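Notes for the one structure printed next.
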Amino acid sequence: MAKVSIIVISHSKELADGIVDLVSQTKQEDVAIAAAGGTEEGEIGTSVDRITGAVESVTTEEGVLLLFDIGSALMNAEMALEMLPELEGRITIADAPLVEGAYIAAVEAGMGKTLEEVKKAAESAKEWKKIED
Amino acid sequence: MELSAAVMKQWALRINEKMQEHKDKLSELDQAIGDGDHGHNMARGFQEAANKVNDSSYDDIGTMYKDIASTLISKVGGASGPLYGTAFLKAANAWKGRDVLDSEAFTEGIEAAVGGIETRGKASFGDKTMLDVWIPVRDEMKERGVDTEQANKTAAKEAEATIDRVAKKGRASYLGERSKGHMDPGAFSSQLVFEALAEVYKEGAS
Amino acid sequence: MAKVSIIVISHSKELADGIVDLVSQTKQEDVAIAAAGGTEEGEIGTSVDRITGAVESVTTEEGVLLLFDIGSALMNAEMALEMLPELEGRITIADAPLVEGAYIAAVEAGMGKTLEEVKKAAESAKEWKKIED
Amino acid sequence: MELSAAVMKQWALRINEKMQEHKDKLSELDQAIGDGDHGHNMARGFQEAANKVNDSSYDDIGTMYKDIASTLISKVGGASGPLYGTAFLKAANAWKGRDVLDSEAFTEGIEAAVGGIETRGKASFGDKTMLDVWIPVRDEMKERGVDTEQANKTAAKEAEATIDRVAKKGRASYLGERSKGHMDPGAFSSQLVFEALAEVYKEGAS
C-alpha cells in the first residue's frame, strides 16, 4: 500500500541530509523521505528546483508532506507547489518544527496514515515536552 | 510614455549592472539585520537573468520577463529569489504578447508584481521589506501614470524610510527592535531596480 | 562582553553541523555555537564526551545553552552536565525544537541576553507560527 | 551468598559474551519498535568494557564497575549507554572499597542501579523499558536476598511480559499502540545481564 512521503527542506544540505539519516534509522516500511537542502550551487539557501525534484522522486498516491526550516524556505516550498499543479490535493506543507516534525511524520506515515493525519502529527510535535519536569 | 522591448531589455541588463556594482553594500545591509547574502543573491540571480536575456531575442516583453523571472526563481537561494521571481513573473503575465508598453500597460505589470510579492511574502507596507519601496512606487504610478524619474526618487526616499522601522517579516524580524537603524537590504535592491528604470528610459528617449 | 554560547546536540553529525552552518550565517557577534553530533565512531547516536568537549570549547561567563534532537540525546546531555559540576548555574538544557530553537537562541545571545533569557527564547520557538493563515 | 571480585569480573565478561551472541536478536527487536541499533550498541559497549576489565586487575569491585560504567557511557551511542552506564556507576558507588559482596551489599548495588536508571530515564515500571525487568528483580532481592537463579527466571518472565505493553518512554513510545506485540529490546538485554549473573555465580560456586 502506498504511504505518505516526506520532504525535508532546509537552507543547509547537511542539515536536510542529516534529518533524512536520523529518520531513516527508524526504517518505516515503504515510507520515502527525501532531502531538499541548500542551493544548486551547494550554498546555504533553498532551491525550488531541488524541492520539485525531491517531490517528484518520492510522490505516491497517498501524497507528499513538506517540512521546512525557516521563512524563505516556505516561499520556495509554496512556489514548488504552484509548479506541480498536477499534485494538488496530494501535497501540502506542515507548520512543524523541522527535526521533530519529520521524525514523527515518518512514524505516522509508516502506520499508513493519510496525508492530513501525517501533517497533523508533524504539527503536533510543537507540543512535545522534550524534557519532563 | 512608452517602453519598447529594447528598453525593457536594457532595464534588465541595467538592473544587473547595479546589483554587481552595489553587491557589497547589499550584503553589508543584510549582514546587519539578516544573513549577509543579499548582494550575493542579487548579483548571481540578475547575472544569470542578464545572460539569458543576452542569449535570446524577444519580440514579446512578456516572454522576456518570464525568462527573467524563471531564472531568478531558480538561481537565487534566498527569500529574494521567490519574491523578485514572483514579481517579474506576474508582471510578465501582464505584459504577455506586447512588444511595447504604454504607461497603463507598464503600470499593470507593476501592480501585478506588487500583488505577487504580497501573496508570496504576506508582508504589508511598513514591515521593513522590499514592499516598503514597491507599494509607494505602484501607488504613484496608478495615480499619475509612469514617471520613471519620479519612481526613482520615491524608491530612494522609501528605501531610506525603512531605516527607522522594525522588521515584521523575513529573517530580520527575528531581531525585533534590534532591526531598527539599518536600511532593509531588499528595499535597497528595489531602489536599484527603479534607478535602473529611470536611467534606461532616459537613454532610450534621448 | 561575554555572550551565551550554544551547543547543538544531535544523533547525526551532519544534522548538528548543518544547524551550526545555518545559524552561523546570521553572524551574531561573539556568539559561539558548537555542534555535538553523532558518536565518536561517526555513527548515528550521541556521545557524552562529544557534548562535554563541545561545551568546553565554547564556555563563557554568561553560560552555555544546550539543545538536542530526540530523547536519548537528552540523557547524554544530562550526563554531560553532571560531569561538568564546575559549570553549575552556567549551563542548562532547553526544551526547544532543535533547528528553530538554535536559530532564535543565537539571535538572542547576540543581543547579550542572559542564559535564562536565551533559554526562554529558544523554548518560545515552539509557539512560532511558521506558516501564516 | 557471596560474590568475589573474580566472579564479579566474570559477570562483566559473560554479559559481553551474551551481548555478542544475541546481538542480532537485540537489533531485530529494536528494529520492530525503535531504530534497530540496540544489538550493535550493546555489543560494542560491553566489548569495550570487557577489554577494559581484561586489561586491568582490580581488588576493588567498585573501581572495576566504575570503569565498566565509564566505558558504557562513552562507547554506547544510544539511550542504553547513559542508562546502563548510570546503572553500573551507581552500583559501583555502592560497591566501593569491597573485594567481595554478600547478599546485602550486592542488593544495595542493584537498588542503586535501579535508582540510577529511574533518574536518568524518568520511566516507571510498565513503561516497556529495561526497568520492567530491573524493578521486579530488585524487589525480589530486597525481599528475599540474592538468589541468582531466581533473578534469572524473574528477568526472563518480565522481559516476556513487556511484549503486550505499550511503550511510554524512549523511541518506541512514538509508536503508541503500534509498539504492542514486540518485546522491548532493553528488557531483553537486561534479561541477558541476569542470565549471565546466574551462570557465573553457579560456575563460581561449583
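Per-chain residue numbering starts at 1, and chain names A, B, C and D are given in the order in which the chains are listed.
Operating definition for what follows: a contact is a pair of C-beta atoms (placed from the backbone, for glycine too) under 8 Å apart; a residue touches a chain by one contact, two chains touch by 3 or more.
What you see is a predicted model; the values in this text were computed from it and never measured.
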Centroid spacing, where centroids are CA-atom means, of subunit C and subunit D in whole angstrom: 31
Averaging C-alpha coordinates per chain, one finds the centres of subunit B and subunit C separated by a number of Å equal to 38
Can you give the whole-Å distance between the Cα centres of subunit A and subunit C? 23
Set of subunit A residues in contact with two or more other chains: 11, 25, 44, 70-71, 103
In subunit B, what residues contact two or more other chains? 35, 37, 171
Viewed as a graph of touching chains, is the assembly arranged as a line, ring, star, complete set, or other? other
Chain pairs in mutual contact under the definition given at the outset: A-B, A-C, A-D, B-C, C-D
Residue numbers on subunit A that touch subunit C, as the complex places them: 10-19, 21-22, 25, 37, 44, 68-71, 74, 93, 95-100, 103, 125-127, 129-131
With touch defined as at the start, can you tell me which subunit C residues reach subunit B in the complex? 25-27, 103-104, 107, 111, 132
Quick check: in the complex, which residue numbers of subunit C touch subunit D? 11, 38-41, 43-49, 70-72, 75-76, 78-79
Going by the contact rule set out above, which residues of subunit B touch subunit A in the complex? 35, 37, 41, 73-79, 81-83, 85-86, 120-121, 169-171
Show which residues of subunit D lie in contact with subunit A when the two form their complex. 31, 34-37, 122, 171, 174-175, 178
